[in-house]
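Down below is the structure, laid out as structure tokens.
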Amino acid sequence: MGLPDVRGREQILKVHMRKVPVGEDIDASVIARGTPGFSGADLANLVNEAALIAARLSRRVVSMDLFERAKDKIMMGAERRSMVMSEDEKRLTAYHEAGHAIVGLNVPDHDPVYKISIMPRGRALGVTMFLPEDDRYSYSKRRLESQLASLFGGRVAEELVFGFDAVTTGASNDIERATDIARNMVTRWGLSARLGPLAYGEDESAGYMGNYGGRAAQGMSADTANAIDDEVRNIINRNYEKARNILESSLDKLHLMSAALMKYETIDREQIDAIMAGREVPPPKGWAEHRDDDSDSSSGKTASIDLKPATPTAAASGELAGPAG
Amino acid sequence: MGLPDVRGREQILKVHMRKVPVGEDIDASVIARGTPGFSGADLANLVNEAALIAARLSRRVVSMDLFERAKDKIMMGAERRSMVMSEDEKRLTAYHEAGHAIVGLNVPDHDPVYKISIMPRGRALGVTMFLPEDDRYSYSKRRLESQLASLFGGRVAEELVFGFDAVTTGASNDIERATDIARNMVTRWGLSARLGPLAYGEDESAGYMGNYGGRAAQGMSADTANAIDDEVRNIINRNYEKARNILESSLDKLHLMSAALMKYETIDREQIDAIMAGREVPPPKGWAEHRDDDSDSSSGKTASIDLKPATPTAAASGELAGPAG
Amino acid sequence: MGLPDVRGREQILKVHMRKVPVGEDIDASVIARGTPGFSGADLANLVNEAALIAARLSRRVVSMDLFERAKDKIMMGAERRSMVMSEDEKRLTAYHEAGHAIVGLNVPDHDPVYKISIMPRGRALGVTMFLPEDDRYSYSKRRLESQLASLFGGRVAEELVFGFDAVTTGASNDIERATDIARNMVTRWGLSARLGPLAYGEDESAGYMGNYGGRAAQGMSADTANAIDDEVRNIINRNYEKARNILESSLDKLHLMSAALMKYETIDREQIDAIMAGREVPPPKGWAEHRDDDSDSSSGKTASIDLKPATPTAAASGELAGPAG
Amino acid sequence: MGLPDVRGREQILKVHMRKVPVGEDIDASVIARGTPGFSGADLANLVNEAALIAARLSRRVVSMDLFERAKDKIMMGAERRSMVMSEDEKRLTAYHEAGHAIVGLNVPDHDPVYKISIMPRGRALGVTMFLPEDDRYSYSKRRLESQLASLFGGRVAEELVFGFDAVTTGASNDIERATDIARNMVTRWGLSARLGPLAYGEDESAGYMGNYGGRAAQGMSADTANAIDDEVRNIINRNYEKARNILESSLDKLHLMSAALMKYETIDREQIDAIMAGREVPPPKGWAEHRDDDSDSSSGKTASIDLKPATPTAAASGELAGPAG
Amino acid sequence: MGLPDVRGREQILKVHMRKVPVGEDIDASVIARGTPGFSGADLANLVNEAALIAARLSRRVVSMDLFERAKDKIMMGAERRSMVMSEDEKRLTAYHEAGHAIVGLNVPDHDPVYKISIMPRGRALGVTMFLPEDDRYSYSKRRLESQLASLFGGRVAEELVFGFDAVTTGASNDIERATDIARNMVTRWGLSARLGPLAYGEDESAGYMGNYGGRAAQGMSADTANAIDDEVRNIINRNYEKARNILESSLDKLHLMSAALMKYETIDREQIDAIMAGREVPPPKGWAEHRDDDSDSSSGKTASIDLKPATPTAAASGELAGPAG
Amino acid sequence: MGLPDVRGREQILKVHMRKVPVGEDIDASVIARGTPGFSGADLANLVNEAALIAARLSRRVVSMDLFERAKDKIMMGAERRSMVMSEDEKRLTAYHEAGHAIVGLNVPDHDPVYKISIMPRGRALGVTMFLPEDDRYSYSKRRLESQLASLFGGRVAEELVFGFDAVTTGASNDIERATDIARNMVTRWGLSARLGPLAYGEDESAGYMGNYGGRAAQGMSADTANAIDDEVRNIINRNYEKARNILESSLDKLHLMSAALMKYETIDREQIDAIMAGREVPPPKGWAEHRDDDSDSSSGKTASIDLKPATPTAAASGELAGPAG
């Protein structure tokens, strides 16, 4: 129980690396710093996947770049190259993911973008992966509101480019996650000035008052419930507008990034930086090469009607990742 | 778990076709494209049914037309030719189904009509079958509202032709499905401008906030509940009116299509196109011929008081089909 | 599961009739047409009862009239001749049943009256038996409102003749059934113009939206609940008034029919027609004769304090019968 | 299941009487008429108790008067002569019971008083026993309101004689029963003109609409709940006032009857009639004599803190008895 | 089940006294009169405890004074002499208990004070023991309101002497008991003129209407709930004020009684009478002597954080005792 | 069950100390006085831990200072020295803990500060440990409000120093505990003048009214629920403001104490007193020395994503400790 911190991750990695031939360039502490939120099992899996890729590519040792590819697979899920999406859905997904990324790049205290992809993986049609820079144990109001804005970046991009009638059900997961954050800000974290530093709602934990032999009266009055709903809606709408303002001022970058995604399917920090700086976009590292090694091709089994298109998720390591995974 | 996509379907079909003698004209990829939403079991069943029909008809190989007949049976349920309906109920059912179809043909982004029938099948007195043109992973607001309108096409047709007092309980399933769509648009998909991009209601999934060890306060205030109900009602009424406007301008086609159904019981895309274009309606392919091969005749067992007359359902493949199945 | 339709009933009857000696006049298809709503078990029971009556009467073959008597017993329950009712309760029951019947005869699209009785049967003090003319799979708004009116015919007759203070608890079952119909009209069948074509309330079925992996938010707002209750009350009151108007204009027939019931205890369509036409009322077929063959005389066991006096029920076949059984 | 009617009771009595020596004067049909609401077990018990009393008194045969004493014991519970009540509580109980009786004698359609007692029995400090004159299967609005008035006769008598501050918790059972009646009048029996002929509240029975495969939406709106509570309160208050008016005009009889109870502890119809007619009150039949034969003297076991003083109950046969048992 | 009445107690005592050597002065009927509310087990325990004390004191027979000490232990719980309370808490407890007692002595129809103690016993820091004078089966409105006033005497004394900010959580049990009484007065006992003689709330008992086969609709409207809460608050506040008025006029006695408690820890009726009469307070009977015989000294086990300081409870016999036990 | 009081603790300690070699200076009664709220198991653990530390340090006997270190570990949890926190989070935690402490030092009737630490322990990033001076059995309104103020000291310090947008989720546990206290003040302890001495909400205990065989009607009206929520919010806001006022006047001390924490990680009463008096802050006793003896270093196991940063808890002995543990 509980996830290891950076020192723990380094020790765990070292244990597992003893069993596979790793390259000279491998530094467990570097990998540990790049995998916040990974569980012990995730780390074991990471070493294992990297070894498998090396075997597939007939490499003698596991080098740093293979660890990177293994990390992508674990964080974002296996690619599903067999899945056929219409051009329309692909384009909408590209704008959606670009929306997440561009907003995330323009709000304060937001985790940096790591990778964006419109290659379907697991149950998601696209992924925008944010990766925190270090282990984090608390979240400021500013950081949470930035997460809300980047979560809405996807839907706002759809709306700006295609109009409200073309907006899709694909943002339902973003909406649910944003609502959860906003509601917790109001009811558990005391981050709404209007509702004040109170805890609202059912509390199942023993709590402080346990020492009075007490069982605090629970429940919530109608007035309080209305005030909470209002305030949650205010927080949501404020950050939805923030995302809209950012994307309206960055429409050119939105088009560029979506075009890059249509072309390369997956782009890294290097491409993203080029787009944001107005430079020419270089092809992603290893583009064209590693097409068929680690994708999941048993389409009869993994293709699923439950797929939430254009829903970014942070896959296996999603628990610690940014809001627009 | 999960339904296969088009490539998966083709592979599955090929596996099962190895066991039966198929005609030269058979192209598994064509059948795969025509069966979005079919599960692996549905596809196995499809090949099996086609082989059974071939056996009944003493055909040596399973040809493409037999695959079509097998597909109808699987999608819409076995016909119940033993069931006696009064002329009044038949006529009302014909108008109801025609109403679904004509509205579906006149709203944007709606799946095309595949077949209409007033032959009772399974638990339904009639069926209007829409078939999507390809696998789809997300639904736009425009597409969902078009589904609402075609769902109401049946009830609206009853009302226009026979008056509100003659309207029946037969639309209860359409009503339930439409209400579910409209409610999800407001509460889960953020598709109501008034209620905004928020998730409303109970959430049992772990959700994004899981990483805070958190359990978001749930519940809904009275004001919010009222606003949601209002908005759901607005969406419903708007699309009911849309269906009414469409059918009022197409009354002649409504009469023609219902007459064709009274005559042929089941009509295909060819008859439908003729009616909509004002051309003479040709008899359906194979009309008169395949009467008794694949209907379910054990009436003592399948006739049921629970039948919801005039309720279109998309049968086995209904999960992926359009709203007015 | 599911009830057989007319063809199914005929086949089932033929199977069972093979085991008993039936008269030359017996036509299974005629009996099948006269038993809509009978289950397979009911039909087996019908043939069996008719054979038992024939044995009791020492008849050699089972003739058509014995099938009629067996059908009465199955539809309305065994008579309870041992039960002593006061003259006051008998008279009130006679007016109550006559009220059901006369309203049922004066509203559109209502099933015809088959028989009326103030002989206690099963748990009912009286029965007004309506029998549909054929299998029916949907119900129009007009037909449902006619059912509401005839359901209230019993209570209204009590009130008109004896005054509101003398009105009894005996109508509680009519009231419950009428409330259920009216509530379903508003909340499930979209038959209220005011509440519109929406489904209100809990939905346990998987529903249409299942294909989105979705679980629609349920619940109902306070405003909606108030509007539904209002509308249900309006529908109820409108049809209560309709029943009152009909009986006020038919007071003479109400007195005549109740008098006939006091005299004969049970009257058939022939007597009913005579009363409604103002003709002299002939004695019922076989009156005086079949007194003791098929009644249940173990009063110590069947007499029950739970009896709801003057509550018409449609007994075994009540599921398909009219509202005022 | 179900209670026997008068003919059933007579047959059951005859069966049990075969086993005991009964006097020449015994007529089972007379006893049957006097025991409405008795179950088969009650009747077996009655014969048994009468035989036991005969044995205790060394009688050779069981005579009619012993059946009367056995009936009292079964209907009202065994006397608890060991229990010590203060004079104050006895006097308050006497007025409470007299209040029940006098109101019951002055309202229309009320069951006649059979016996009144302030001898503690079972869990009650006093009993006013009403006995219906015959089997009854339905209850008129007038009869129910009379029951409400007599139920409140006890509390009203306390209030008139001792003042509101001296009124006790002893009427809580009367209050509960009256509330149940009034609530059922409004919500199940359609006996409130204001709320109309509707059923309100949860319905667990299958109900009429079962044949539509339907599950009616339940629940109740806030407005409806308020209206029901208001109407229940109106019915209660109207009949409380009725009881007050009756007792205010009969204060002399209230004092006389309570005095008779203080003197004789138990009075029968003969004493009651004398009081109401203003005649001298004769001593009850067998007063002084049958003191110790059938009382329950194991006070250590039966005395109970749960006793509801002055709460009239109809004991074993209470199900069919009047409201103020 | 059920508690024995006075005659029952006497018989039970006699049975148990046969097993121990009792003094000549012992009169079981006197002890029986002084132990209303004792169960059979309590009485057995009483005789046993008295015998144990006699053994500890090396007495040859169990005399009447030892029965008194045994009775104290059973009614109020074993003393916990090991428990260390601060002087502040002791003083506050002394005023709290004195407040209960003085109010109880100044309201009508209140049980007389038997003993007051600030020696911790069981889970209570102090006890004010009221003992009813005889078995009681009903409670008048006046008596219940007097109980409310004496229940609040403790908190009011704290407030008058130390101010509202110094008032403690120690009155929570008094508050809960007072709220229960007031709520029952309004909702079950018909003792509020405003809410009338109605039963409010859930009723799980079979109830009177069982004979209609009926299940009364339950629930409570919002207006009713508000009215009940208002009325409960009125009753509470009225009696809180009554307690305040009494203690404000008796401040001198409050100081005297609290001083006596600080000095003697436990005072009896004799000391209480002296204080109330303004006489000098004599030391309690046996003060100094019986310090260590029957206290519970295993502090490691009985000292508990759940202790509700200054909460009077009537211990073992509390069921029948006055509200401020 | 129940915690031992001071005498109980002394006896328990003596039992366990018999098994380990303790120094001459050890006085069980001193340790007992310093461990209010410790359970029997805690005390056994304390002796055991002290012995383990002695073994690790190769001491021959367990001296008083080792008991102190064992006590810290048991009260605050094992240190987690492996955990890496960013400088930002460390600084925010330092201000948060200093806020708790300074408010706690400036409100009346508050337990004294014992130790403050920003060394992560168990699941907390920091701890402010208050230790009551003796066993306490009741809590005054003044004391409870002081606890509320010190609970908010942490969040207020964050807000004053870094601004509301930088405020974190780390105070959620403080908020929850404060809400529980304030709610209990209003609903169970009668400590709100506005809501009065009533108990609000569900009561599961048998309660006083048990002796009436009664089950008090429960529930709460909408008006009452609103009033309670308002009052809880008032109490919370009043004490939040109180904390703000205190810290605004002590900003210099807040900066000094947070600097001391950044330097020493853990400070004792000596350092705290120096800061509050404006004296130079001496290094804590044994600073630098006992770094690695009793910390929990298996970071892979104890580091947890559920960590609530900056959440003060009173660890094992938290049940009796002050609110800002």
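Order of writing sets the labels: A, B, C, D, E and F. Residues in every chain begin at 1.
Following the convention adopted for this analysis, a residue touches a chain if its C-beta (ideal position, glycine included) is under 8 Å from a C-beta of that chain, and two chains touch if they have at least 3 such contacts.
Since this is a predicted model, take the numbers as computed values, not measurements.
J.: Of the other chains, whose C-alpha centre is the longest way from the centre of chain E?
T.: Checked the centroid distances; the maximum from chain E is B.
J.: Do chain A and chain B face each other with the same patch, meaning over half of the contact numbers show up on both, or with different patches?
T.: different
J.: Could you tell me the distance, in whole angstrom, between the mean C-alpha positions of chain A and chain F?
T.: Here chain A and chain F have centroids separated by 36 Å.
J.: Just curious, how far off is chain E from chain A if you go by their C-alpha centres, in Å?
T.: 63
J.: For chain A, write out the residues touching at least two other chains, lowest number first.
T.: 37, 139, 169, 188, 200, 211-212, 220, 222, 305-306, 308, 319-320
J.: Can you list the chain E residues touching chain F in their complex?
T.: Touching chain F from chain E are residues 37, 82-86, 89, 92, 125, 139, 152, 155, 164-172, 175-184, 187-188, 200-202, 204, 220, 222, 225-226, 228-230, 232-233, 236-237, 240, 299-310, 318-320, 323.
J.: Show me the residue ranges of chain D that touch chain C in the complex, using the header's touch definition.
T.: 1-9, 11-12, 37, 40, 134-142, 144, 188-191, 193, 196-200, 203, 205, 207-212, 214-224, 319-320
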